[in-house]
Structures are given as structure tokens and as C-alpha cells.
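I have a structure I would like to understand better, so I am pasting it below and will then ask my questions one at a time.
Each chain gets a letter, A, B, C, D, E and F, in the order it is written, and its residues are counted from 1.
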Amino acid sequence: MATLGFIEYQDANPDVRAVYDDIMATRKTDRINNFWKAIAHDPATLRRTWESVKQIMGAGALDSLTKEMIYVAVSASNQCGYCIASHTAAARKAGMTDSMFAELMAVVGMANETNRLASGYQVEIDEQFKT
Amino acid sequence: MATLGFIEYQDANPDVRAVYDDIMATRKTDRINNFWKAIAHDPATLRRTWESVKQIMGAGALDSLTKEMIYVAVSASNQCGYCIASHTAAARKAGMTDSMFAELMAVVGMANETNRLASGYQVEIDEQFKT
Amino acid sequence: MATLGFIEYQDANPDVRAVYDDIMATRKTDRINNFWKAIAHDPATLRRTWESVKQIMGAGALDSLTKEMIYVAVSASNQCGYCIASHTAAARKAGMTDSMFAELMAVVGMANETNRLASGYQVEIDEQFKT
Amino acid sequence: MATLGFIEYQDANPDVRAVYDDIMATRKTDRINNFWKAIAHDPATLRRTWESVKQIMGAGALDSLTKEMIYVAVSASNQCGYCIASHTAAARKAGMTDSMFAELMAVVGMANETNRLASGYQVEIDEQFKT
Amino acid sequence: MATLGFIEYQDANPDVRAVYDDIMATRKTDRINNFWKAIAHDPATLRRTWESVKQIMGAGALDSLTKEMIYVAVSASNQCGYCIASHTAAARKAGMTDSMFAELMAVVGMANETNRLASGYQVEIDEQFKT
Amino acid sequence: MATLGFIEYQDANPDVRAVYDDIMATRKTDRINNFWKAIAHDPATLRRTWESVKQIMGAGALDSLTKEMIYVAVSASNQCGYCIASHTAAARKAGMTDSMFAELMAVVGMANETNRLASGYQVEIDEQFKT
């Protein structure tokens, strides 16, 4: 059902295979998610997206688990079914427990609520937040 | 400009003051954000919202800093100007450095991008994510 | 700051004035909102939008106050500052009290929260809702 | 497919059963929606969410039918499939006819349209709405 | 599963059939999309929506292909599964190639990313954009 | 008011200046938008974002004007004030006339409307769109 279908590893040209190999090596896995196989129809999109994700999601000032949970938070806020499924799996692989998941979702729910209360009540930004 | 205006501490009835006092005690601050002063016009909304926030944002399986950063991530995804301002301040107070902020925003940006690539390419969910 | 500026009544051509007159007659007012003055640069957009709004917002199975409150609910969910301001005013003119406003916003907040809990927890639709 | 699965009534601990019983008594039904069974994995989330919904959705300045229709409006705006399904059913149970539903959706569609026209044309808020 | 079901051509009253005939004549097709069959339960909604779409999507300063691609861009940003599917098909029929599709989605992804970076970093609008 | 302030050209380190120079050369301008100056506090974000934008926005199967208009369409749908302002200016620079702008916004408005009608009416995807 993917718009352009999937590019499977065995059918991929060298450019695409190079990215697939890097994904599997970086993530220590032997499979490629449907997401990558779908966007691989445009090798430039595949490479740029993967290089960005690799740079952004590596451990830094924030660890990988925190980054994966932020990814779940955004995906849930945006109602992206594919992303919620794939990133919940990724977060679990990075160490997210059921308790962490429940707390994460509680914050996501609350933030989506107060975001609209703030807008709906037309609350002006406090001066001290404007620095 | 707030739709119902603000309820200042000195003008608040006992129910509202009780919530204001709890906010200040819990957050170790001597001021009340505009957000609370705006929704205080409906004491039930004020109490319910504060009790929920207090329960959700306390340290648990996730620490408070992580929770505040998730709040910023959702607020940025939803384009809520008030919430971005207030929760960025709260996250800083909880220990978020400039490096953490930059990495947080990088994940938020990337997630908002791949959420739409996944939808736009109509990528079906991998079987192994459906467990 | 509007992208194409405003078309004021005195500067409007006959097509635009006809729409302005109909707006004022229908809404029993002697002024034109900035919104109409902005989109009036494209008379087709002005006419189509006004005719649709007039048809949709008139009392029917739902009364006008209920319709205006739904408009506020959607505008708050979408974080549209202009629309929240203008439709809150319209709802008040149609009879919305402060209590109604507070209850409306409480529902909006709660719905925005549970929408994300349902997605984030990947809840499948109950069979009995699928009829 | 729910992330943490469902907690069925017969498998629920006393805290969760207490909430399930209250839901059924309040809504005069003998079943529990998938939504509650999914979030019940975190009893604090279940209790807090149900208590909030119960408080917010009861008849007040706005009647229950109006509140359920607002819930549908927000859920449609946010594209939440589960919520559209469950709350459309709830609204019907509260008395929503097909005519009401059609008018509700017409307002939702129109509001989502004009929200973007207002933003896209960068319309500044009328002074008289700023009080 | 559509809320009110579908109105098939053979079961349609004259008002609805007139719109169905116009859709098929305008789009040079012999079938009616599920979308029209669903909203046809409210003939006023069907007529108003079709008349608007016909007026808006016809070639003008922008050609039809460009308009269909904009429609895909918005639908992907909003995560509307039905709309992504139907408008991708329409765009292809209007001449969208796989390369155009890939470039379209790349822009959609990037725009959704930088929209949140701009908000999250609370970037004030440059003076020269305010004219 | 930007969260981390702006990095002005004269205060920029060599890495940041290199990106600023490339932006000005590519866009044939002598100024740097506030957006770039804000994210420049994280040189990795600045470089990655600019390199992606440069790759994506260059003329290809779609010309630059079409790409800028898609960017405006997404930004309006997401209610991003900064992005609407800056990309409307960019689209004008690329050749967008007032007529094109009006038609663009008409499509954006209509798409945001029908996206919600499709969801709200729970319209199932036509079989022929699933190939």
C-alpha cells in the first residue's frame, strides 16, 4: 500500500544498499524497517534522512533512550500511527519500561491539554519568560 | 488580553488561594504564572488541572527534567507560544542546558519531518511492531 | 501586516461591497472583521467563504450558539489566535456566558488529551463502534 | 495491538475494578471501552483520566449532548480515529441525530478552513477583540 | 464503516444525482469516490463542498497539477489517510511523476521540521517580512 | 526573545560563517534570516538544516516557485507565524503573484476542510486507491 512500494535489500542498487548496511550496523539489527524501504525510491531522500537521524539520535547531552521517548511523544501528538508503532519499539529496545511509557504518555496527554487551555484562554506570555 | 482576565492572588477566594499556595510550595516559587491566573476563573478547572500536573510531573520512573523536556517537545510540535515560553523556562530551572535544548529541538524537528514522510508515503506498519 | 493588506469598505468594488453589505445585514453589525477585509483581495474567495459560512452557521438542527462554540473549540485545538479571538467574541454575542466558556474549554482540553492517549497507547477501535 | 494490551474486568485488581464499576454506573452501560482497558495498565492514569472526564462531561451550563459533540469536533480536527468512533457513538447515545451530526461536521470543516485562511493571510487581530 | 454509510448512485435522489453527474463530467470519470458518497447524506454539504472544490481546483494562475500536489502536501501534514490516498491518485492522474512525488514529500517533510524549529527556538519575525 | 538569542555574522565562528556565506551565495542575498541566526547556536543543527534545505529546495522535477508555495501551504496548515511570513516572502521572490497566492490559499483552506470531513465521516479508503 506504500505509494511507491518498497525497495527490498536484494533489489537495491549500491547507493541504497550502502545506506541499508549503515542502518543495520548502527542499530545492530538485521532488518530494514518499512519506512526506509518506502523512501528508498528516492535515494537522495533516503540518504539525507538517514544521515540526519543518525546524527540527531546518537547519545550526546541527552541519551538515546530520552531521545527515543521524545520521538514517541511527538509522534503521538501528531497521531502518526506508523511512527508511534516503530518508535515505541525503538524506545523499548533502548530501555523504556512500561512505567516509563505510562509516565511519558501522561505528560504527552497533559501537555496537549494545557497547550489548548493556554490558547483558548488567550493567555499572554509572562514578561519574565520573554528574556 | 486573556479571555476572562486574571485572578490575582490578593483578589482570589479561599479555594483559588489554596491552589495558588500549593503551586508555590510545590514549585518553590513566590509567583503564579499567567496560565494559572487565567484558568482560575473556573476554580474546578484550576484545581483539576493543577492536581493533574502535580501528579504527572513529579519525579517517578522518569525524572522531572525529562518530563519538562517532553512538555517542551509537545508544545513546540503544537506551536503553542505560551507553553513553549513557560516550559522552556521550567526545563531550564530543572537543569536543561543549552546543549540539551539544542538536541531536544533537533529530535522534535526530525520527528515532525519523518511523521509526514511516513504518512505521505503511506507506509504500512511492520508486522513485528504489531505485537 | 496582512499579506495582501485590507480592502476597506470605501475602497471596495461593487462585488466586494455586495458581500460586505450581506455580512453586516446577516450579522446585524456595522463593521467588517479584518478577516473578510484580508481575503477580499480575491473576490471569489470572499464570496465563496462568506456564502459557506452563512449557510453553515445559521440555526438548524443545532442553534447558532452551539455552532459558535464548536468554532471556538476547533480554533483552540488548532491554535489559531485570530480565530480564537474573533469567534469567542461571536460566541459571546450569541449568548455564551463565562460558565459556558469554561465548560467548553474544559472539554476541548480533555479531548485533546485523550486523543493522544488513544493514539499513544495504540488502542484498536471497539467492534461495536464499527457499524 | 494496544501497546500494553488490555486489562479485562475479570483480570483487574481492586483499584482498577473500582474505576470500571464507576464508569459503568455513570454511563449506564455494562461494558468497558477499549480505551479504558488500555490505559488501565497505569492505575493512576486510569483514575485521573476517568475522574476528569466524569467531572468535565456531566451536564452543567452546557448539556451532555453539546459536550459530546464538542468532543467529536476536536477529535475530527485532530484526526483521531479511535476518538471519532467512540465519541460519535457517545454523542448518538446522548441524542445526536443525523442532521445534528451533519451540521456539526459542516462547522468543523469550515472552521478548519478559515483557521488556515486567517493564518495564511496573516490577519492581525481586530482591536475590539483584544479586550 | 462510514458514519452514515454511503449513498450509491442508484439510490440517490435527484439533487444528489445532479452533483454526482457533475463530478463525473468534470473529472472525466465514471465513478464516485467514497468521500462524496459519505457526505451525500447531507445534500447541502455535498453540493457546497463540490461547488467549492470545482471552483478552487480548476486551472487558473496555478495549474491543476500544482493544485493537486498542494492538496497532497496539506493532507500529509495533517495525517489524513483517506485524503493522502485519494489526492495522490488525483495528482498522478494530473501528471505527477514519481520524481515529482518524491520532491513534493521532501519539501513537506522539511517544512514540517523547520516549522517546529522556528517555534521551538521562539524566533521573532524579521522586520522586513512584516510589510 | 529567541530562546538562545541570535548569532550575528560579525560574532560567528568560522563554521557558522561558512554556512552564512553559503546561504547568502545560494539565495543571492546579503542578509541572514532570524531563523538561521537562532539555530546557529548549535552549529550541527545549522549545517544539517541548511544542507537539507539547499538540497531539497533547488529546482528539479519541481521548480523552485512550486516548492516555495508548498512550503507556504504546509506552514499555513501548521499555523507557524514565522514560517508563513518568511516563506511568503521567499515565494514572492521566486515569482509568486497575488493571484497565485490567493489560489494557493484557497487550496490550503479547502484541503484542511475536506481532511476533517473525511475523518469525521470515517470514510474508508476506496479499494482502487490501495494499489
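Please note the rule applied: a contact is a pair of C-beta atoms (placed from the backbone, for glycine too) under 8 Å apart; a residue touches a chain by one contact, two chains touch by 3 or more.
Note that the coordinates shown come from a computational prediction; the quantities given were computed from them, not determined experimentally.
Looking at subunit B and subunit C, the chains in contact with each of them are A, D, E, F. Interface residue usage between subunit A and subunit C, two copies of one sequence, is largely shared: over half of the residue numbers at the contact are used by both copies.
Legend: contact pairs of B-C compared by residue number with B-F, C-D or C-E; the interface matching in over half of them is B-F. Taking the mean of the C-alpha atoms as each chain's centre, subunit D and subunit F sit 34 Å apart. Mean C-alpha position of subunit A lies 20 Å from that of subunit B.
Between the CA-based centres of subunit A and subunit D the separation comes to 27 Å, rounded to the whole angstrom.
Shared interface positions of subunit E, defined as residues touching 2 or more other chains, are 1, 3-4, 39, 44-45, 49, 52, 56, 77-81, 85, 88, 99, 102-103, 105-106, 108-110, 112-117, 119-122, 130.
The touch graph of the protein chains shown is complete. Touching subunit C in their complex are the following residues of subunit F: 79, 88, 98-99, 101-103, 105-106, 109. The touching residues of subunit C, when paired with subunit F in their complex, are 3-4, 41-42, 44-45, 48-49, 78-80. Residues of subunit E that touch subunit C in their complex: 1, 44, 48, 52, 55-56, 130.
Across the interface of their complex, subunit D is touched by residues 1-4, 33-35, 38-39, 45, 49, 52-53, 56-57, 60-62, 66-67, 69-71, 73-75, 77-78, 80-83, 85-89, 97, 99-100, 102-104, 106-108, 110-126, 128-130 of subunit C.
Those residues of subunit B lying in contact with subunit E across their complex are 72, 76-77, 79, 81, 84-85, 88, 105, 108-110, 112-117, 119-122.
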